[in-house]
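The block underneath contains the structure these notes are about, expressed in structure tokens.
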């Protein structure tokens, strides 16, 4: 029988490299914290027996490759179209990462993201236009305004049910749009647009390739800052606790009983993220050199939502990759007109309908489908042998006992099918062997029967009278005599025991 | 003063219909239908298309008006069923239904706006006046036919829906399902078909309000956003799932809007509305509906 | 023809398998008592008949029509269709609609067009069986006491034109006298050629008053009732 062995599982590939085993490895940590930069562990290579280092968490690898591509691609191509597209990608990705912090880590279903960004943009833009404040101050003002806004809109979050809060914040954008249109200072005159905001890169440089590259670089740095803030909050103690609590209301109650004030921590995370959003808003204003009412439109909010939904809700990598996809579609296929928005909507719809959590939830989903297939396969085995499987007998602690029972059952079934007059005749002719393969296997099975109630031959008078008895299995308790038959020879007695056992097997 | 009351009633009837649609959908199937703006425009465009053809056939007067109303409701009901087929039926018994259906309806409204843009272009489409043009004077006050018609049609429709909910078998089933979907399954209520029925009804209500609102404004691809926001605000203030609460909230919001527009400034309306909702929600986190329930006890 | 023919029914929730290969036949006019301790699958068995389990497999023939079959998801999705064929379930516990009045709760049991039209007559019949409900008709069901709620729940099941009544734990959590009356009322109902299954922990309450008693132990049906109750004196079993 040459059957290709079934693949049980695959070992994940991990980057590894040989190291000098005589040198002591020193773990590098992020300055000021106890967090290690990379999750490394040492081991001996099982094949070469050399000492080597293994990267156990591959995420930093993917992140650095992805970010490097994001940095180098537009700088290398250096066309205006690429600069615009990737600049927008960086800014929106930064906004989405902060939104992820609010939804995923703080667990607040807030749609006030763009409203906060807009507050930062208009506030800083207004100060820049009227008082000509320098750009570092603008960014600072944006962050302060955003934090203030975050503090104000986090107030009702404590009292309101998640959904009510979501709706309230959804209305906030519309509210802000009205506010801007009504106010003359904020550009109500120009249909909500604000022009002539100070730039980071001097405007005479902006027409050159160097200026464009530098401008793009600032957007990229903004994304990096957002990611750093995300990592700092989400990976920190409160972030981990909050994410643990977000899984269910009971966990939250339990953790509150341990003395963790969730509402306070949530508000803190929310304010940090909002300050960052305000900062990004101010940055956006200097990046574009103005602001527009588009920031408060429902359509842009929905596009941002589509980005994080396509990538995967609650994950920074999902937010970034989703942004790349959606902005890529909307900026690249400009000649498609409204159809590209339709495409984005269909993508978002598809990821809600068919995936559990966007692109980055696919892996877990596929694994689960595979597990379900396996479970179905196992269920097929169960019905074949009519015995239960480990996962179906939670009350039996020793799982090997269950496997043993399943095996015994299948063994009995097979042996039973071998019982035939020829087999019995063979045993009668030669009780002590030489046996055929099947008879030998059957006798082996009989021999390992448990002692209680095991049939044995009892010798009354040597070479004259033998009986079949059953052992009691208890010390001091004599065997019981099973019937009144006496056998003249040992061979006859052997065969009688055999017949009894065969009978029992048949009845079992 | 009476003018203010009349204009409040008109606003309350138009936005209240949308708010009740949102509220009903939420209470019975647990889905927050943010594609209500899409459903709204669907009704408007269907009515507009009908009006185009009807004028071609030379239809006038009552036939035209009734047709506009009926086709507006029909188009929105169909759009409601469409939303249900995409965002409700496939997701209904999967985990995280609430969040996922919310996102799905948002995606539908994103797509919907663009589809209208592609089909009908960005221009505003006017609907023919349904209630004729003219004014009626009662004592010191007067109101236009349009205002009177809006109030009457909306109240009749609302009364019909409430009556139907209270006394018919389907209405009873719907209310049973709002309380306990699995328990309702035991007494023969299918969550899926009843849910679709609810979506069609709230769609029809939205369509009616779309036609009524188009008497004042126009139909355009994004004309659903503002009614959706106001409808959301009302259903929030009224307490999602409570019809009396929603009606009360619609009255309150309509009054506030009319008062602000009359005595302050039209441009201040959104701020006043927002402030009212925030105030209500701070004192009654579950909206006015909770308040009414307390009073009843 | 038998009312209910169950063959190889397995059911459970998620990874947990509660019922193991059950088979059971119920003849017209029969009252079957189902006895067993908590957590041994009585409720799951009744739920599986109307498709209210997480997953299930096996044939369930109701008047010769297949209502079972293999199902891995969609809990309760087929229940309305199954129930409409003429099975009435009175679920365990407070399975009433708390915001509806008692009258509306009872009316919700008349879910077919024909029963709905005759709902007044039917309601009066229920009130004859449960007289304490008569003055409470207009009251909100959520304000009732435990015994009254149970009456509403059972009464709602009786409102329909069912030929198979499934009553889950009518005595649970009730004072002995009230539960005695409730069960007595259940046993007096004229079944015609229908049938009834009563799941109950308290064996003396139904022993000798139903046509047949089956034990339920670890997801299996047993003729030996003692084993199902874990060899604890049945009366004590209730108060464990």
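Letters A, B and C name the chains as they come in the text, with residue numbers starting at 1 for each one.
The definition used in the following text is that a contact is a pair of C-beta atoms (placed from the backbone, for glycine too) under 8 Å apart; a residue touches a chain by one contact, two chains touch by 3 or more.
Nothing here was measured: the structure is a model prediction, and the numbers come from that model.
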(message) Closest chain to the protein's overall Cα mean, using per-chain Cα means, please.
(response) A
(request) Name the chain pair with more contacting C-beta pairs, choosing from A-B and B-C. (result) A-B
(request) List the centre-to-centre spacing of chain B and chain C in whole Å, with centres computed as mean CA coordinates. (result) 41
(request) Please name which positions on chain B make contact with chain A in the complex. (result) 32, 34, 86, 90-91, 98-100, 102-104, 106-111, 113-115, 117-118, 225-226, 229, 232-233, 236, 240, 267-268, 270-271, 274, 277-278, 281-282, 285-287
(message) Taking the touch rule as given, give the residues of chain A at its contact with chain B in the complex, in rising order.
(response) 109, 156, 159-161, 163-164, 166-168, 170-172, 174-175, 178-179, 181-182, 298-299, 302-303, 305-306, 309, 313, 337-339, 341-342, 344-346, 348-349, 352-353
(message) For the complex, give me every residue of chain B touching chain C.
(response) 93, 169, 172-173, 175-176, 178-192
(request) Give every residue of chain C touching chain B within the complex, in rising order. (result) 50, 52, 73-77, 79-81, 83-84, 89, 91, 95-100, 104, 107-113, 116, 156, 160
